[in-house]
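Shared between the two complexes below is chain A, which has chain B as its partner in the first and chain C in the second.
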Partner chain A sequence: MTKLVEKAASLLREGAVIKVIGYEEGSNKTRPFFCEKAEDVERLIYNGRCTNNLAVYLTKPELLGSGKVAVVATVPTMRSIAQLVKENQLKEEKFLLLTVTKEDEVVEFSGFKEMNDYLADIQLVIDTKEQELINKLDGMNREQRWAFWQQELSSCFKCYACRAACPLCYCSRCVVEVNAPQWIEPWASPLGNMEWHINRAMHLAGRCTGCGACSDACPLGIPIHLLTHKMMEDIDRDFGATFNNSGNVLSTYKVEDKEDFIR
Partner chain B sequence: MIKLEVIMDDNKIEFEPRIVAFVCNWCTYAGADLTGTSRLKYASNVKIVRFPCTGRIDFMLILKAFANGADGIIVSGCHPNDCHYTSGNFHARRRWIVFRNLLNFLGIDIARIRYSWVSAAEGAKWADLVNNTVADIRELGPYTEYQKVANYMEEHHD
Partner chain C sequence: MEKLYINKNGLDQWFKQMIKGGSHVYAPVQGRDKVDFKRVTELSEVASDFVQTTQSIKKAVFPKAESLFSYQKSGKNVEVQDFDALSVSDKVLWKIRPCDAAGFASLTGIFNWDYKDKPYNTRLEKTTLVSFSCSKSDSYCFCTSVNGGPGSTVGSDIQITMLPGEGALVEVLTSKGKALVELSADSFEQLSKEIDKELYLAKVPVHFALEQVKEKLSVAFDSPVWQQQSERCLGCGACAFVCPTCACFDIQEDAKGSAGRRIRCWDSCGFSLFTLHTSGHNPRPTQSTRWRQRILHKFSYMPERIQKMGCTGCGRCSRACPVDMNILEHLTSIAE
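Up next is the complex of A and B:
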């Protein structure tokens, strides 16, 4: 019995929480698991293959119920939670946050602040493969980049899995569903696909925590996470706002923001 | 949104850039008004759309202008510290910085979007801004790349 299973069992038995959101073994990979009964805790697992970002469920009250909920959070999940907290989307008393260290020890956070302190010591590392792709695109000329993205986005059929997987896409009414005026063509089309992905990226500007859930969810494997990840880089460079200390980049400003492009 | 008509001289088939200008009510629109009342001549390729503030200029409007046939876009408002609403232009400036980077990463031609500050007293600057933008876009040619994507239903022979 792992320490995580023990912890979850005691939490559920004592009634400290009504459910534990964690991971279980799926058919090919791990999958999210909402554990509500103490006898099911054996199914809970935690390892490097647990990649779903569970923070996506925390803004959906219908999934959480009326009691306290424990969340087994990976580092990317915690980053998303931190951003949600910053945006006043989560109630502290509603959640009990757990994580598992490399040594399989279970860490229980007393609150969001403690989680943020824990996160502060962990560097956000961009995957080398992803960085290479961003560098490759940066090295291309504009026409090549245009061709690359037109090619990639042409396969998008607007399933919005990227939106569903993203913890920070929590609007109850998304801009793509607004039809008066209709900003974005709802069917899959070269123009509508591009406009949708630009909207998605812009609405995540300065908010994306780089978990990559959007491209993991994409059934066609379009590297859409590059848009927001590149944006994170640009925002870091232009506004010096790193993940840990930024407010919401687009709702603040500095008088000295660069304006070399304004003539 | 109304499709912009192709402005074409009957006698010569020369490319006339179609420019859409998104301007704020308090500075640039008044500035453009001053250009007129000062009887300064400037290129007629521009269609001005008036907004309460640059902060109101949604990035989607810029994309919609391209999709509906604009070859170039002007975005202009009050100089920093002169915003009628104190900080609308500061917020807009941040959004433009982020948006420009994103568009550039996607391979959209950001040279076709011209940003400027034109105050209500700068009638001459407005005329120069329009003239220069028209000249630049004339050099770049029509934005067929984007229009092909926008009009994906139409057949293209080229």
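Up next is the complex of A and C:
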């Protein structure tokens, strides 16, 4: 019995939480698991293959029920939780946050602040394959980049898996569904696809935590996380680091802004 | 049905004649890390080693967005241009799987249920389906549990089974298939001896009895199983959009000034917006009610209404799902 299973069993048995949102073994991959009964705790697992960002479920009241919920959070999940907290989307008393260390020790956070402190020491790591794609994009001129994205986004069929998998896409009504006026062509087309993905990236500007859930979810394998990744880079460069300062770029205004146009 | 033999050179020759004849040929092509249907002009472009393409090829007859008619207003006059059947080109869908071919029968049932849909039927008439039987499968495949099989010819105009060495068995199943073969009749040979196709097919185990699933579903509307199975579902449309039989659509207006088009585009019963009323009421308010609809529509409503299954066991939805909603696993547990 792993320490995570032991912890989940005691939390459920003692009634400290009504469910534990974690991971279980799925078909050829791991998947999110909502564990509500002490007899199911053995199904809970935690390892490097657990890649779904569970923060996506934390803004869905119908899934959480009434009572405290434990979340087995990976580092990307914690980063998303931190951003959701910043945006006033999560109530501290609703969640008990857990994570598992490399040594399989369970860490229980006393609250969001302790989780943030734990995160502060962990750098965002970009794997080699990612970096290669980023370098490839950086090496392109404007026309080449435009052609790259036109080609990539032309295959999008607007299943909105990117939106559904993103913990920060929690709007109850998405801009793409507003039809009076209709800002974005709702059907899949070269123009409508481009409009959707540019809007998605802009709405995540300064908010995206770089978890990659959007492109992991894309059934067509479009590397759309690179749009928000590049946005993060730009914001870091132009406005300062995104993570640990408060507020977000699109809703922050400073009188001493260096740009004139905004004054 | 006629059975013929073709060797590698013959196959090349025949393919060239198809392209020369002006048909648009769509076939699986290896992309960065997915295999998907693309228009091809050379046989060498076609992917060889794959179980299944990411997307189905339903877009050949049911495009992700299509214009049903267009209009132009001038003063009090409105000129309406109906769907232009002449704009539809002849297509050959090459190297589709038997489960893809079976999917067309379901789509045809849907698009002819109470009304004969002109764009769909026009496109289908001009499309020839060349399936390749499957020599391998994966753990997501379950065609044999839904009346299909790795060598099933249902829905195909031609079925090709690759034989050891470089030749192939060609089963010519319909008059459309015959016409395609006649483009290059010299490329084919008569069979010198009977070929047992079964020897070259993947072994796809039967996982559940379809009748049992149907029986269980007939009393499952209020079952807690829907909520249990759908908890992790994110409510995206990936499963519906890769599916060879999902046909939910939306109607949109593309109006600019005094001209416009009416567009039909893919939609999904998994989206919360799909059943949202103007009043704000939603008869399927939760993901579990939408998941129930997906399963009941495919395995209960469609068989009842149009005598067609809404699932061919291709497994694409399970492979595409970001949270591993595995339809085979869910159906098996319903059947038990």
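Some observations on this one:
By definition in this document, the second predicted complex is superposed on the first by the 251 of 263 C-alpha atoms of A that agree within 3 Å, B and C clash if a C-alpha of one lies under 4 Å from a C-alpha of the other, contacts with A are read in each partner's own complex, and residues count from 1 in each chain.
We adopt the following convention: contacts are C-beta pairs under 8 Å (C-beta built on N, C-alpha and C of every residue); 3 or more make two chains touch, one makes a residue touch a chain.
Since the structure is predicted, the reported quantities are computational estimates derived from the model, not experimental observations.
Aligning the two structures on chain A places chain B and chain C next to each other without any clash. Within the superposed three-chain model, A:D121 lies out of touch with both chain B and chain C [touch as defined at top]. With both structures placed on the common chain, the touch criterion links A:E39 to neither chain B nor chain C. By the touch criterion defined above, A:L227 lies against chain B but remains apart from chain C after alignment on the C-alpha atoms of chain A.
For chain A, the partner with contacts to more residues, out of chain B and chain C, is B.
After overlaying the two complexes on the shared chain, residue contacts for A:D238 are found with chain B alone; chain C is out of touch.
Of the two partner chains, neither chain B nor chain C is touched by A:E103. Applying the stated contact rule after C-alpha superposition, one finds that A:S189 touches each of chain B and chain C.
With both structures placed on the common chain, the touch criterion links A:I198 to chain B but leaves chain C unconnected.
When both complexes are overlaid on chain A, the residue A:E93 reaches neither chain B nor chain C. Of all Cα pairs spanning chain B and chain C in the superposition, the closest are 6 Å apart.
Under the contact criterion defined above, the residues of chain A that touch both chain B in one complex and chain C in the other are 189.
On the side of chain B, the complex with chain A involves touching residues 59-60, 63-64, 67, 80-81, 87, 90-91, 93-109, 114-117, 145, 149-150, 152.
Within the complex formed with chain B, the residues of chain A that make contact are 137-138, 142-150, 183, 189-191, 194-195, 198-199, 201-202, 205-206, 226-227, 230-231, 234-235, 238-239, 249-255, 257-259, 261-263. Contact residues on chain C toward chain A in their complex (touch as defined above): 31-34, 36, 54-55, 64-65, 139-140, 231-232, 234-238, 240-242, 250, 252, 254, 263, 265-266, 268, 271, 273, 286, 318, 320, 322-324, 326, 329.
Contact residues of chain A toward chain C in the complex are 26-34, 52, 56-57, 62-63, 155, 157-161, 163-165, 177, 185-189, 213, 216-217, 219-221.
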